[in-house]
Structure formats: C-alpha cells, structure tokens
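Each of the two complexes below includes chain A, the first together with chain B, the second together with chain C.
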Partner chain A sequence: MTAATLFQPRRSSKILRNVGFVALPLLVLVWSLADLTLGRELLEWIPYLASGFAMNILIALCAMVLGTLVGVLFGILELVPYRLLRYPVVAYVQIFRNAPHLVLIFATTYIFPFEIVVFGNYLPFPDWVKAVIGLAIPASAYIAEITRGAILSIPTTQWEAAKGLGFSRNQTLRRIILPQCLRRSLPPWMNVAASITMGTALASLVGVHELLHAATDASTAVRRLDFTVIAYIVVMAAFFTLCYPIARLTRRLERRFNAA
Partner chain B sequence: MNISADNAIVRLEDVHLSFGQTEVLKGIDLTVNRGDAVSIIGPSGSGKSTILRCINALVQPQSGRITVNRTRVDQLTRESERIALRKRVGIVFQQYNLFPHLTVLDNIVLAPTRILGTDRREAEKLARELLEKVRLAEKANAYPGQLSGGQQQRVAIARALAMKPELVLFDEVTSALDPETVGEVLWVIRDLIRDGMTSILVTHEMRFAEEISDTVVFTENGRIIDQGSPEQIFHSADNPRVRQFVSGLSGRGPVRDGEGI
Partner chain C sequence: MQDINLTDLFVSLTGRLGLNYEFLATGYEAQIWRDGFITTLYLIALLIPVSLVAGLLFAACLTSGRVWLSTPVRAFVEITRNTPTLVQLMFSFLVLNTFVSDLVGGAQNNPLSPFFWVVAVVGLHIAALHAEAIRAGIEAVPASTVEAARGVGFSQLQILQYVQVPLAFRASLPAIVNNLINLVKLTTVGNAIAVSEITYASIMVWTQRDNVVSMMIVILAFFSLINLVVARIGLWVERRLAVPGYGL
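And now, the complex of A and B:
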C-alpha cells in the first residue's frame, strides 16, 4: 500500500469532520458577530437550548440501556428450543423492528397513563419516560436481531467443544458464546445507538422538552426569521457533534474486525 | 490379554445408532481396558467419530449397552447425568476448537474452575504443569489465533487433561494439521499413553497406531469387521478389506518423531 492510498481516506474524512465540528459552529459564530442583536438573542437562549439537549442525551442513554438489556435477553430467547417462549419473542421482534419510531413514541405517550399507582401512592409517569420506552422498544428489537445473528455466527464446534468439557447450555452461552458475540455485535450496536440518538428529536412532537422542542419555543418567542434559521443550525450542529463520533468509531471498529 | 470384567473401563455391546433414516452404527461391540490405547481405523464415513461421541453421550444410540466405568451411558436420561459423565471423559477434536477470546491459560483453566469448582490458583498451577507437558509453557498468555495448528491442538489436549479425565477420546486430532506439525502432537499423545492414560484414538496415522496401540479396531460401514493386536491388523489380517485399506494407507502419515519440538 502506498502512502497516498493510506492518506486519501483520512484527508476526506478530516474534511467531513471539519464541516461538522468546525463549519457549522463557525457559521453560527460569524453570523452572531456580524449581527450582534442576533448574537445577543442567541446567547440568551443557549442555556434553554442546552437544557433541551441534556434531555436528548438522557433519553438516548436510558433507551439504549433498556433496549440493550431487553434486546440481548430477547435475542437469546429467539433461539431457545421452547416454542411457547420463542414464538411471542420472534413476533415482538418482527413487529417492532419494522415499526416507525414516531408511531411508537405516539403510542407509548397516549397508551400509558400520566401517573401510575404503586401501593396506593401516585407516581407521575412523565412524558420523557414514555419517550424512552417508545425508543427502547425498536432498539430492543434491533438489538435482539443483532444478538441472535451474532450467536448464530459462532461455529457450532464451539458449542460442541464446550459440551465435551462438561459445560451446560447456559454455561456455554454465558462463558463462551456471548463473550465472542460482544465484539461482533459492537459495530451494529453502535449503529442502533446513533439511530436512537437522532430519534430522540421525535419526542418533541409529544411535548417533551428536548432540543428541537426548545428551538421551536425559542423561535416562537423571538419571532425573527434569522433567529429561527440560526437556532435550527445550532440543533443540527449539536446532533452532529453527538452522532458523528459514534459513526466514526463504528466504522473504525468494523474495519479492525474485518481485518482481524 | 486380560479381558476380565473389572479391568474394562469402556464397554459397548451391540450398539445401534441411526440419524433419521441412515443407520450409522449397525451393532458395535468394543471393550477398552483400563490403561490401554485403542485405535479405531477405517474409511471415512464408517462411523468412527460416532462411536466416540456415543461414549461421552454427545449422541444417544437407539439400542445396545454402553458402560463407562460402571455408568450405563445408554440409560442416562437427564442432561445433568450426561454432564457428570463428560467431566470424566475427555474429548479432543480434529479442529481443536479452542475458545478464541481466551488466552491459552484461560482456555485450560475455564472448565476446572467453572465446572469442577477448583480454585483459580490451583487450576492455574495444574494448567502450567500441563502446558509444560505439551511443551508450550511459554505460550500461556498467547491467544489461540497466534498459534500454529499443532500448537493449538496441544493446548486442546492440555485443556481436556485439566479435567483429570478417566479416559481421553481423540478424534482424528492430526488430520487438519500441516504435515510439519503432526509429529509434535503425536509426541504428546505418545507420552500420555506411556504414562498410562486410557485412550481411544480415531486416526489415519497408521505407523503411529501400530506403535502405540494395544488394540486396533477396523470399522467399515457401521460395523467393526476386524480387531486385534497391531501386528495382527497391520501385518497378518485375514480380512481382505483390512489388508487392502492398511496397504493403501500405510505410506501415509509417517511418524515424525519429535520433529518441530
């Protein structure tokens, strides 16, 4: 391999990264300085936008944790020999893997009550938690498929070797198969993470105070076309900063695993 | 030869096994005495691997009796009973099947610690002794992917021995290896047999089988059609099929004593 071919992809990705990490923030900065009234307005609204963005991160993290726990469990259950257990799980995965995220967020928002009763106490069931569930459902369906695929990709000779040593099915899965699945499923898992992170913006449509919702609030309050435009540029830049590193890392891991 | 009942560690009597419609074992009778090495030879597809897999209950025959050290293997119904048997019967496969995510040492330590409940320190000590025995002491921290086929196979043997089995089954353990590394694996097996480990080997290494076996068994088409001492099978077989097979293959797979070690 020549130096040029090694260098080429790096330079093009560097340019891309610059667009996201430098160009968008730079545009916001230059524009704010060129029109100081706009800049002052934006500065005033930044804390409000930031609190919205914190909500996106919270929803994404919770949805991924929940989705991963349920997804890995369901991926394993999709392969158990008992039909009574397997069929409902397969149905769940097939249905929710192909359901639009927005529909699920609307469904969870309007199906679940606004508060739940636990031992006589009324606990609030906030909208953002419903959005977490609405996103965790498709995440768990994708992750179940990733887990199932990874388990099936491990050669049967590994099961046989473990069996020959006296491992039970569950011990084999836990000690030998799943650890090997980890590295195979990390890149597709990160794809899901990026997709769910972007999906958190949908929560704005059911009234969750997240970044997109905050930007809409701000532009309604300020009533300036240029402010509306710059607010949405800030939204884009924020999502880019969050998702692009995930995508980059995924691609790097994929390349490393393919080489190994 | 001593064939008294109490000296037999493995006994198969009229074992029949089918996979669906295909009858793979058509009445196998085989006795292996404690401390003996028995080689099973015969054409591919004749049921050699299946015989081994019956002995440690990886497959269940439709009829016949299988006894391993007073355990009636054919009558085991629960998975926990089969697991108890497999702890006592080691098996080494053609493709070594090491666990690629674990170091050599962890490959060997995993089963004793997780299945026998041996404490980690003790299991590691035994693992290092076994690695010494298979001449791979310096590879304890390597990953399987960094080893040659012959080295991986020797680790697989150490892994089986770490369970302190009563007998070890070897299923064509050199067939997948580069010719240069066959010798180092045979070396290890020869040592093991000399130390008195009861072994049943499926092999195509005829000279090796002749050298180390107490009994050689010839299978064809799901039946044992001849068995006897190595001298009988390799040099004075009555059965024309055995003579033909042995002469056709005897040039293959010479024993490379100690090569590459």
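And now, the complex of A and C:
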C-alpha cells in the first residue's frame, strides 16, 4: 500500500466536507439561474423568507441565553448538599430533559396568557416569546446536566486543595472549578445550541412567523410545484448553513480537548 | 362497572385539586385520547427496529471504504443531522408525496399515508444519528483485532459481521440509547401532518375542554415514563452484553 492510496480517500472526504458549507445554497442558485422565471419568483420572496429566518435566529439566541443562565444555576444547585433544594431541581431536569420540545412549546403557548397586566397597563405577550420560553426550558435542563457533569469531572483534590488554601465553597466554585468547566462543557453546549436552533422550526406549528411558516405561506401564494420544492430547499439550506459550521466546530473542539 | 366507578373517583379527586379530567367520563373524547397513546406507542415500537436496521446499513456504507458508497450516505447523514426534522417531514410530505401522487395518477391512488411519512422521516433521521455512533464504534475496534480476523481468513463482510459490529455495537450502545430517547421525543412531529399521536389527540380534547394544564401533566408524565423505560432497557442490554475485559 503506497502513501498515495492511503491519502486518496482522506483528501476526497476533506473536499466533500468543505463542499458541505456551500452545497445547498449553490443548488438553489444553479436551479434558479437555470429556470429564470422560477429564479425571479424566488428573488421576490427572499426578503419575506429572510424576515422569517431572522425570527428563528432571534428565538434561538434568546432561548440559549435564558437556558444557559437557568441551566448553569440549576447544574450548580443539583450538587448542593441540601436535599430540600436539590430534589426539586433534579426532578425539573429529569422531567424536562425527557419531554419533547414540541410538547413544551404547546404548553407555554396555551398555558400563558396572551397579555399580561403590569401596573394597570396591558402588555402583549407575543407568541414568539412563549416559544422562547418553551425552548429555554429543555435547553436549561440539558445545560444543567452538562454543568453538573463538568463540575463532577474536576478532581476532588482540587476542592480539597482550595479548602486548604482557605477558599470558601462558594469561592472555590466561582474562582477555581467553574472556569475549568467552561472549557469542558463548550462542545456539548454547542450541540445543545444546534439542537435548539433546529427546534425553532417547531414554533411554526403554534403560528409564529418564522422560516418554515414563511415558506409555507410563499408556496401557497405562488402555487407552483417547482417553487414549493425550491422554497423548502431554501429552508433546509438556511438551517444547514447555520448548523453545519457549528457541528464541524464542535467536532474539532472535541477532538482537540480529547487529545489534550 | 368497577372501572366506571374508578374513573368517576379519579375525576372527582383530581377535580378537587383543580384539575379537569371530566372528558374521561365521556365515551368519544376518552376514546380519541386512548387511541393517541396507542398510536404513539405503536410509532415508537415500529421506529426503534426501523431506525436500528437503517442505521446499521448506513454505518456499513460509511465504513466500507468505497467512495461511491460512502459519499452519498455521508451527504445524507450530514443533511439529516443539520436540518430540523420538522422541515424534512414537511418537505417529504408536501414535495415527495406530491411526486408519488403524480406518479401513480392522483392522490386517491397514493398508498402512502401521513403515518408512513412520519415513520420514514423520523426513522431515517434517527438512523443517521445511529450511523454516526456505530461508525465511531467500528473505528474504535482495534486494528490488530481486524488484522487477526483477516489472518484467520475472514472475508471483509465476515469481519464486519462477526468482529466489528458486535464490538462496535457494544461500544456505541450508550449513544444509541440516547438516540432512542430522542426518537421517542421526535414522534411528536407527526402532529404537524395530522398523525393522531398523543399531542394531536390532546389538542383535540383541550380545544373543547380548555384543560391544557391537566393534559400537559399527563403528557409529560407519559414521556418521562417511556424514556425511563427505554433508558432502563438500554442499561440492561448494556450489562447483559458487556464483554469482560473490554471497555469499561
């Protein structure tokens, strides 16, 4: 076996992997150039689809920020020595980690009121905020488990050494343990981020104006089969070009951390 | 008779807690709801073997070393993993289903039901995740073991069948169980194309009764229970299959 035959498949798979970044958008572009009437139609609808996708990104960002804040807190609380505090948090994590995202989005949409009263003023409570909460709940449960796992992966001797140096439990956690957890929990956190980003498509089922909803609107308005096909390919391309780089980066970080 | 009394007792007890399960006493809505549970369980029971078989096939293609076999599968796996399942489902149901209808001449001749599309899309989605897990497991089989098998005179397929897959399956079992829990959760997307699984059935009930909180408690408990059972069975299989001296 020569070096050339050894490296041949490797190089081709590398090209393939990098093609992944542009393959779907390229397909859309080539098709709309090949059939110009279709291309013109699509061009007209692109701003509408883009406004939908902006909503996806907004929901994903808000849900991840909220989910991370709550999740890290709950991950720490899962390890506190007081049972009264620990058991409810463990129950929360177990229930919502096992619950389908769609069910939670339905729950928040139908249980929360459509407006809230603050000091006599009626504030609207829009659907997309409910979807944010519906996705932040499972995100917080996953992130709580990730945080707990990361804290437990730090050797106990570090806690003992910090105690010996006069750090309190709180100080040890904040200044010694958590900074190390940051690095360890980054790849799984990115997996959750990708999964939540893809979960935002579920918000279309409760009437939030996001990308999938926009594509359905567009395809019912245009009523052309080839337009329907290309509209859904655009949806796939949008999610793919957002999530594929995250997945690639996650794998690279995992490999690097495993090697270290 | 006993059964009806128990139902009434349950309804009145939960009613005192502020929960509304009155629909259980009616025939029609209770029937829809019961069918919803059964449909979800049926979907899960059908999807687990489908996803495992397809995942194994994908993994075999990915590790075959033949570019014409591994490239399309790799592309499929990446697209499946990085796009929302709901979008795949809508694409399949609205686009592929229409093509099939055109092919057989009209929607009335189309044998493919929404149920079929849920099984196909969710099954292949989870199969892609299984394939990644099994591939990692196959690559983790020590090269010396494979060489020894080749030295004994096993063919490529025999090595896969008797050496690589049994070891890889054990190594990737935790990841596979994780995927199966995802599978249980993903069955709810069937709701989007009117497959009457549990969330769809519950929506039918709560639009009439306005008892979302009561329904949600049951749905969450139901999914927690199923996932607990899946995780337990996975753990049991893992223990049963554990090879002494190999892995943890």
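Here is the rule we go by: the second predicted complex is superposed on the first by the 240 of 260 C-alpha atoms of A that agree within 3 Å, B and C clash if a C-alpha of one lies under 4 Å from a C-alpha of the other, contacts with A are read in each partner's own complex, and residues count from 1 in each chain.
Convention: a contact is a pair of C-beta atoms (placed from the backbone, for glycine too) under 8 Å apart; a residue touches a chain by one contact, two chains touch by 3 or more.
Everything numeric here is computed off the predicted structure, so don't read it as measured data.
Engineer: Now for A:Tyr244: first (chain B), second (chain C), both, or neither, which partner does it touch?
Structural biologist: So A:Tyr244 only meets chain C here.
Engineer: For A:Thr157, decide between first (touching chain B), second (touching chain C), both and neither.
Structural biologist: So A:Thr157 only meets chain B here.
Engineer: Check the residue A:Ser204 against both partner chains and state whether it touches chain B (first), chain C (second), both, or neither.
Structural biologist: A:Ser204: touches chain C, not chain B.
Engineer: Which of the two partners, first being chain B and second being chain C, lies in contact with A:Trp31: first, second, both, or neither?
Structural biologist: Neither partner.
Engineer: Kindly classify A:Leu165 by the partners it touches after superposition: chain B alone (first), chain C alone (second), both, or neither?
Structural biologist: first
Engineer: If you stack the two complexes on chain A, which partner ends up touching A:Tyr48: first (chain B), second (chain C), both, or neither?
Structural biologist: neither
Engineer: Determine, for the superposed model, which of the two partners chain B and chain C contacts more residues of chain A.
Structural biologist: C
Engineer: Going by the contact rule set out at the top, does A:Phe21 touch chain B (first), chain C (second), both, or neither?
Structural biologist: neither
Engineer: Would you check which partner chain A:Tyr110 touches, where first means chain B only, second means chain C only, and both and neither mean what they say?
Structural biologist: Second partner only, chain C.
Engineer: Just checking: does A:Gln180 make contact with chain B only, chain C only, both, or neither of them? Give me first, second, both or neither.
Structural biologist: A:Gln180 sits against chain B, while chain C stays out of touch.
Engineer: If we count contacts the way the header does, which residues on chain B are in touch with chain A in the complex?
Structural biologist: 56, 58, 79-80, 83-84, 86-87, 90-91, 93, 95, 97-101, 110-111, 114-115, 156, 159-160, 163
Engineer: Within their complex, state which residues of chain A touch chain B.
Structural biologist: 157-158, 160-169, 171, 175-176, 179-180, 183
Engineer: Help me check something: in the complex, which residues belonging to chain C touch chain A?
Structural biologist: 65, 67, 70-71, 74-75, 78-79, 81-88, 90-91, 94-95, 98, 181, 184-189, 191-192, 199, 203, 206, 212-213, 216, 219-220, 223-224, 227-228
Engineer: Using the touch definition up top, name the residues of chain A that touch chain C in the complex.
Structural biologist: Going by the criterion above, the answer is residues 9, 12-13, 16, 20, 23-24, 94-95, 98-103, 106-107, 110-111, 194, 198-202, 204-205, 212, 216, 219, 225, 228-229, 232-233, 235-236, 239-240, 243-244, 247.
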